[in-house]
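What follows is a group of structures, each given as structure tokens.
Next come two complexes, and both contain subunit A; in the first it sits with subunit B, in the second with subunit C.
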Partner chain A sequence: MTIHNLYIFDRYGTLLYYGEWNRTKQSGMSREEEGKLMYGMLYSIKSFVAKISPLDPKDGFLNYKTSKYTLHCLETPSGLKFIMNTDNQAQNTREILRKIYSELYVKYVMRNPLCAAGEPINSELFKTKLDAFIKQAPLTAARAS
Partner chain B sequence: MVIYGVYIVSKSGGLIFNYDHNIPRVETEKTFGFPLDIKLEYENKKVVVVFGQRDGINIGHVLLSVNGSPVNGRTTDDGKDVFDLISAKENYPISLKFGRQRATTNEKIVLASMFYPLFALASQLSPVPKSSGIETLNADTFKLSCFQTLTGVKFIIVTDVNMQGSDVVLKRIYELYSDYALKNPFYSLEMPIRCELFDTSLHTLLELVEKSGTANL
Partner chain C sequence: MADDIVFELLHSEIINYALHDPKGSKDGTVQEADLSIVEYIGFAAGYKIMERLTREWPRFKDELDTMKFICTDFWTCIYRKQIDNLRTNHQGVYVLHDNAFRFLTNFSNGQQYLEYAPRFVAYTCGLIRGGLANLCISSIVTAEVQSMPSCKFHIQVQRT
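On to the complex of A and B.
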């Protein structure tokens, strides 16, 4: 049960934050490029899902799974996107993303007057809090209970 | 277990087969008084709801008919502009029918070729080595499962979110494809599949799955 990495994008596609924990393969491009590619993919997935969906979607895209990893996406009404890559066994990841948004992002970024909107987050406090949160994240709790 | 649709994409990304199984029809007809409390806009040759979701009429729904006469583009059957009709007070009360737009064949071809780069990007942006492309994609209203054969052909089914064992169904479709499409001397590779036997056996398979699940496939 591992979390590989986490991307936070704002509604204009700026990569606000990137965190990495257990990543064994680099994409072979700069972080900036990779962020653009990731955002582009999400944007396409979003419109793909909206068109192919047989019913009216509400949350739309939730996650996708490949043979090796799962990508989870949480989009807030204000257009912030939280993207987390985990292994395929991870449980209740939506809850974790929601907590990262409500308990970490809102608390340590939004309420920090030194963090300008629409710019990459460089708050040390946010980084350490996020690291601590990810390390104790209960990825298996749902299965055990 | 509801299967909404089956798509087969060739290795170069073209849609070679598509079948809509049973997509629910989302339509609402309602009588409105003046002024109209929903905001309509003309985009992509359709009159679309952009604001004011209510009573089953959702954002993104398309205007299908005005007072029972079907709408083509922005005009009704008798040649009147929809926006003139709804802005004139004397036309009220007016009965409008809205519904979710279904993808046309052209749009499906576009969607199929859109999936191709997504599949490739998913393996490129992988945080771990040797990852495949997208195998399942979950949204709140459906689940998409994809199976790529060694030769690069992709089989995709769109099902409801609770569908179990879609991989078995996909493998069965692959079997049907190799039996009825590839062994058909009139079928040329990479071209759309038009084989009657393939169609009928696929229908039988989908009905079987809907009735009794994937346990006895």
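On to the complex of A and C.
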């Protein structure tokens, strides 16, 4: 039950933040390139889902799963994207992403005038709070009854 | 609370605005001078808010009583918390210690961004000075930030 890594993109595709916890295989490219690749794929999946869906998609793209890991995506109305990779057993990840957005990002990035909009996040406080939050995140919480 | 964030954002924009130098000069001396504008805005606000806060209060006994009012009611009205510690040497110097100063809590909990801290305490210095001025205490208020988000405000009462 682990969280592997987390990407935060803004609406223009800038990689605002990257955090890594239990990642055993590196992509072998620079962080920016990897970010671009990730954003490009998300962009394609989003338009793919929007076009191919037989019904009106309410939430759009939420997650995909491979045999080894699951990628979760949360997109806010303002276009921020929170991407988190976890293992396949992880639960209530949507809740976790929401909390990262509403409790950590809004508080420590938006309300910090020294973090300029559209630039990578340098705040140490955000980093430590995020680490602490990920460490205690109840990924193994009892199945929603 | 919604009104908190409005105050917070307006505060940070006032600072940006005050620091913005239309002539485009880049040396550090300009910043010092410009913060006095922010301090004055705080002074005017503090002066007026004190009038409103004390309208149902009896006269304060002495200076220390006034300082206690600043630490409790005045601070609660603006920052929704009380000052954590008040110290005085009984000769006109008071030190107000806030362990989690609102304008700094979202920044860092250590040394990062420490060089920017003076910008975010100037308004509050003015606020205290204005509040005291309306109670007939003229003073000099300075702030000291050693490690965020805690902040010390030094009040030096000017006796004539």
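By definition in this document, the second predicted complex is superposed on the first by the 142 of 145 C-alpha atoms of A that agree within 3 Å, B and C clash if a C-alpha of one lies under 4 Å from a C-alpha of the other, contacts with A are read in each partner's own complex, and residues count from 1 in each chain.
Here is the rule we use: a contact is a pair of C-beta atoms (placed from the backbone, for glycine too) under 8 Å apart; a residue touches a chain by one contact, two chains touch by 3 or more.
Only a predicted model underlies this, so the values are computations on that prediction, with no experimental measurement involved.
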Taking the superposition as given, does A:L80 touch the first partner, subunit B, the second, subunit C, both, or neither? neither
Of the partners subunit B and subunit C, which touch A:R111 in the superposed model: first, second, both, neither? second
First (subunit B), second (subunit C), both or neither: which does A:L125 touch? second
By the touch definition at the top of the document, which applies to A:S67: first (subunit B), second (subunit C), both, or neither? first
In the overlaid three-chain picture, which partner chain does A:I52 touch, first (subunit B) or second (subunit C), both, or neither? first
When both partners are placed on the shared chain, which of subunit B and subunit C touches more of subunit A: B
Common interface residues of subunit A with subunit B and subunit C? none
Residue numbers on subunit C that touch subunit A, as the complex places them: 5, 8-9, 12-13, 15-16, 106-110, 112-113, 116
Residue set of subunit A touching subunit B in the complex reads 4-5, 20, 22-25, 27, 34, 37-38, 40-41, 44-45, 47-69, 71, 85, 87
For subunit B, which residues are in contact with subunit A within the complex? 4-5, 23-24, 26, 58, 60-61, 100, 103, 107, 111, 114-115, 117-118, 121-142, 144, 158
Subunit C-facing residues of subunit A, complex: 107-108, 111-114, 123-125, 128
